[in-house]
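As written, the chains take the letters A, B, C and D, and residue 1 is the first residue of each chain.
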Amino acid sequence: MSPRFAAAVLGAGGYIGQEFLRMLSGHPLFDAALLVGGGRSEGRRLEEVWRLAEECPAELARRRLVRAGPGRVAREAEIAFGALPSGTAGPVESALIRRGVAVFSNSSDHRLDPDHPLLLPEVNGEHLGLLRPSARTAPLVTNANCSATGLVLALAPVLSLLRPRAVHVATYQALSGAGYPGVPSLAVTDNVVPFIEEEEEKLALESRHLLGRVSRGRIVPATIPFHAHCVRVGTREGHLEAVTVEAGARPARRDLLAAWRSFDPLGELGLPTAPHPPVEVREAPDRPQPLFDRWAGQGRARGMAAVVGRVRWEAPYLRFFVLSHNAVRGGAGGSILNAEFALAKGVLRPGRR
Amino acid sequence: MSPRFAAAVLGAGGYIGQEFLRMLSGHPLFDAALLVGGGRSEGRRLEEVWRLAEECPAELARRRLVRAGPGRVAREAEIAFGALPSGTAGPVESALIRRGVAVFSNSSDHRLDPDHPLLLPEVNGEHLGLLRPSARTAPLVTNANCSATGLVLALAPVLSLLRPRAVHVATYQALSGAGYPGVPSLAVTDNVVPFIEEEEEKLALESRHLLGRVSRGRIVPATIPFHAHCVRVGTREGHLEAVTVEAGARPARRDLLAAWRSFDPLGELGLPTAPHPPVEVREAPDRPQPLFDRWAGQGRARGMAAVVGRVRWEAPYLRFFVLSHNAVRGGAGGSILNAEFALAKGVLRPGRR
Amino acid sequence: MSPRFAAAVLGAGGYIGQEFLRMLSGHPLFDAALLVGGGRSEGRRLEEVWRLAEECPAELARRRLVRAGPGRVAREAEIAFGALPSGTAGPVESALIRRGVAVFSNSSDHRLDPDHPLLLPEVNGEHLGLLRPSARTAPLVTNANCSATGLVLALAPVLSLLRPRAVHVATYQALSGAGYPGVPSLAVTDNVVPFIEEEEEKLALESRHLLGRVSRGRIVPATIPFHAHCVRVGTREGHLEAVTVEAGARPARRDLLAAWRSFDPLGELGLPTAPHPPVEVREAPDRPQPLFDRWAGQGRARGMAAVVGRVRWEAPYLRFFVLSHNAVRGGAGGSILNAEFALAKGVLRPGRR
Amino acid sequence: MSPRFAAAVLGAGGYIGQEFLRMLSGHPLFDAALLVGGGRSEGRRLEEVWRLAEECPAELARRRLVRAGPGRVAREAEIAFGALPSGTAGPVESALIRRGVAVFSNSSDHRLDPDHPLLLPEVNGEHLGLLRPSARTAPLVTNANCSATGLVLALAPVLSLLRPRAVHVATYQALSGAGYPGVPSLAVTDNVVPFIEEEEEKLALESRHLLGRVSRGRIVPATIPFHAHCVRVGTREGHLEAVTVEAGARPARRDLLAAWRSFDPLGELGLPTAPHPPVEVREAPDRPQPLFDRWAGQGRARGMAAVVGRVRWEAPYLRFFVLSHNAVRGGAGGSILNAEFALAKGVLRPGRR
């Protein structure tokens, strides 16, 4: 008798969908029971449509992607991990929770909904409180945009020390952030592209939302202004961000490093995908770099830690770089960690069926 | 009173279509009168959909792409340059020649037709003889696949010296060979792809066809077997090919170099887009390279010359590399040169209208 | 009888040295009389050590690089263009001006010297006044660091409108900024590197210096604080910069665009390498991009214009991107323009010898 | 009491040296006891000079590289793994074996020596017989050039079926094949380079040597002619090769696939770094690809299997692609496997000291 939850992955033909499958392989709590994929993926074996440089999980390689509506998903799965495109995702996810399927989604459609937490467990676990117990719907929890995730994870441990008045960020975002096929090679070979549709807006809105507080069952977003320049560069994975915080206080650099290094709010929960610590600090003068640091984190949490480096004051500005894996921490892994956290907090209950 | 031909470019939203427009800018014989483009390009200004690294021609930048059927093309243009996708191109081109529009096409649909020359003027100008004078249709002339073009251009000057028994070729083909959007960046960053749909077959068939002789109004393809490995690499432009000729004779290396260097069959015709010589030989130990050699050729013939290098015997094999610009000599420029040649040979007649 | 100056290029084996030679080819005022290069370049023909993707000038291709000390340079050249490495450049340049050779240098050693202008003619032409007439030494003029150059060129036209309180910039700097061999391919393939030795310091210091005013024969640097994150990305040429200006005023966006577009302080001087206008503004949502915009500028000024785009207010911050060609405007072309400007202003006098 | 051999890694600051260290981490037989590195690496911690995208082994990260002559190496190590540059390696390795240190080297200096086997255990294990028992010297075993290794591994299982008359190969070699710093980024961005110094000669000579038979204590090289075009492309790791075998026999394709799949001559020996099978065959139409296939092999043998694909007859030519990891199977892993094999065969004896 297995205590694992039967999970559906929505959008299993896409890059993030496959990252979900890779990370669910061997997962102690969730079992990839249903691979949902339409279009050119439908009916094909996972190994035939596999896009990640990491190996296709052997036990899933010959499984076929199926076109499945909410009804079938509800019959075969207790939870669903969402990697559908914006616009498509919203109605599907709504239909699923009405049928009792808990949804943990990387899609953006429900991110700012009042009833559905935008969750980054190390930062705003209390936002789970938005979920109102209901006989009518299962929980729907989203994770944030990939560039907002890394940034907020880096800011959270030092927020009270710095008391930011404004945050400026310029990004160096990897190709996989656009999914597959995503960016044409001719658009980016020997080039960088200083524009990603709606990305700067999402980064600002979602960062404030993640850092918001719960008041009377609603999120009151943080008031810190975020100003982003979002740029696509030719790396495969790992979003690098150059951060400048206009600080309202001036803590010593060593206190900031200590704050980052001691930050580990999920330390006791034993979540399989949680990195400890969630923020690593590098002192080498030229780090973090996507190639070397995107997989920070150990074991099942590989790729889940953000890496901070080049921390320096030019008062009143604290300046640093942060790197996080867009498809793992900022994508599939974010949702899986959310599900683990929800389970630990009793929001997702085993044996519901 | 202008002696220039009004020309339509079919597929002006695509990469080769735009290469046509770039090369037609300021052309003394052909005037880009109609920019035909459907899908997302329709109705947009050329500068809005421009994909080439080279600058969009100023005089065309604000011209709009139009959706135009054969009727409109026939009303507004005397000749058409073809850059439509395979499958789409064939019927459109057939309709155009029935309406009296001469077609010079880079598309593959009509390449091996008995009535329509597959032309590489320096090599098989006599294939123009396939065109039968007719009151009913205008001429349709195609140019070959981009990797066949460079290879055959390099082989032609030394063919009688070498008497090849077999030709082995491995290609290093640029991203632009797949058009736009073409190859996804995630498919080729830190990767090469040893497969291009139907490319090896085309290379072999079209090379033999280009080198064929005309007998009783038909092409008898050359019997030399061509064996190709076709591979996509991450360069923007310029197809490099590693060539091994199993030779039936063993001419001295210096005689081969002399044959290449003295080869210039179009020398007297004064064609604007013809390079002189059409094959350049480099003696440096590490050339040709796409970055440095793809633009070989002077003035309007820039990018029209093939570059040969690393010529060496390992008897009975002559071995060398050849590079040619896939989008220019192997694409738009090939068709423009064909039109110039047809005009010089009296097949395309000015003032037809 | 030629009025052209005999020019030596110092460091002709390097990337910027070769950019000098490319830009001097056919120059109406300066003649590349002496190609100075040591190490592996010494004694070799220019074509054998050529590194640029653009063609080696035909008339220089077979010229040999020579090792030449200040004495020989002074005998054979009236002016010298400097592309030597930091540390090496300083003493050589000092020796040359003592021998009467005017020096226009891209090297950093003398950039902040009190007697030697750091010149960006469109911005601080009056800094030429630092040169004190002297029987003893010829003038030495430097151009700024490549990332400072593009930034200051973009800021100058809007400075009085914006009254900046602080300038934040994050760069996306091309590989050629590190010279040749420069960045190892393994360091940057599928990677970006958030550190360039001393670059952030140079950018800040030199930007303030360029924007300084002359007071009693000395430069008083501008007081605007510049805060830079400098990052190497995998493009060949063209430094992109994400700029955030904390503005003390709030001019309308259209007034800013107008200020950029009407900016042309060198308009009347007829300098061959001066672009008109020196700052181009793009309105497309995803520009400037290195691949498409690095060669902005016409004719001999190709690559000399900076390109501004994505101009937007998030008050009090004006935010935009600027791109400039690091090896042309931020390198060799900067020094050539400086020499042309010095000549026009009577500081460099023809027929001196 | 540990049965592990104390091992020195020669050239630990280089790319292959670090691959040795990565693969020795946790190795059951060999312990990285001494990290030998000169030049800029000397005295630095391994983590400070680490160049691989894979993580620096935690237990070695803070170990310092030391300059150590043969005397010190002999005092502190029983075996040495060699990753020194050609020219440097030869005398050092000779000195070591005279002092009783067994050497397993990836360097080329001793590859074709009569007394020192050039070993690829799955293919020519009997070449170990070249080692003559001696009181005077320890064994010295080399592994072959990275492109020869993958090719011969692919050919060996089908050699008797095909009876090759000639082998043609064109390579797509990764950047890491040139070590670090190796290929300048400006040489290869948007480019491929059809020349690698001495590589084509090595590939031919070493392939014939690997496939040779032992006769009277000497290697008689195979007589099959190998003809290589060697080309550098912009991938990080994994050499792809396009192979055309002129076959003297015409076995069915399915028999060839079966021969590859059943090939596992080391199956019983239990060598930790041996892949089973050593050659994997892919049937997908576009494989092998460096990004997806370079890490073929399981556990400690990850990256040790060659991958064959696109197997097709164009009689008399059998044509296919093979990929192998140049730095693992064709580098450090090759030498480690050689040492394991020598140990299993009793040539390298534990407890010698």
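Here is the rule we go by: a contact is a pair of C-beta atoms (placed from the backbone, for glycine too) under 8 Å apart; a residue touches a chain by one contact, two chains touch by 3 or more.
Everything numeric in this text was worked out from a predicted model, so none of it was measured.
Of all the chains, the one whose CA centre sits at the greatest distance from that of chain B is A. Chain pairs C-D and B-D differ in how many C-beta pairs they share in contact, with the greater number at B-D. The distance from the centre of chain B to the centre of chain C, with each centre set as the mean of the Cα atoms, comes to 40 Å. As a whole-number value, the distance joining the C-alpha centres of chain C and chain D reads 47 Å.
Distance between chain centres (mean CA atoms), chain B to chain D: 42 Å.
Contacts with at least two other chains are made by residues 189-190, 234-236, 291-292 of chain C. Listing the residues of chain A that touch chain D in their complex gives 48, 53, 55, 189-190, 284, 291-292, 295. In the complex of the two chains, the chain A residues touching chain B come out as 15, 51, 175-176, 180-190, 234-236. Those residues of chain C that touch chain A in the complex are listed here as 168, 170, 172, 190-195, 225, 227, 229, 231, 233-236, 240, 242, 244, 285-292, 309-310, 314, 317, 319, 321.
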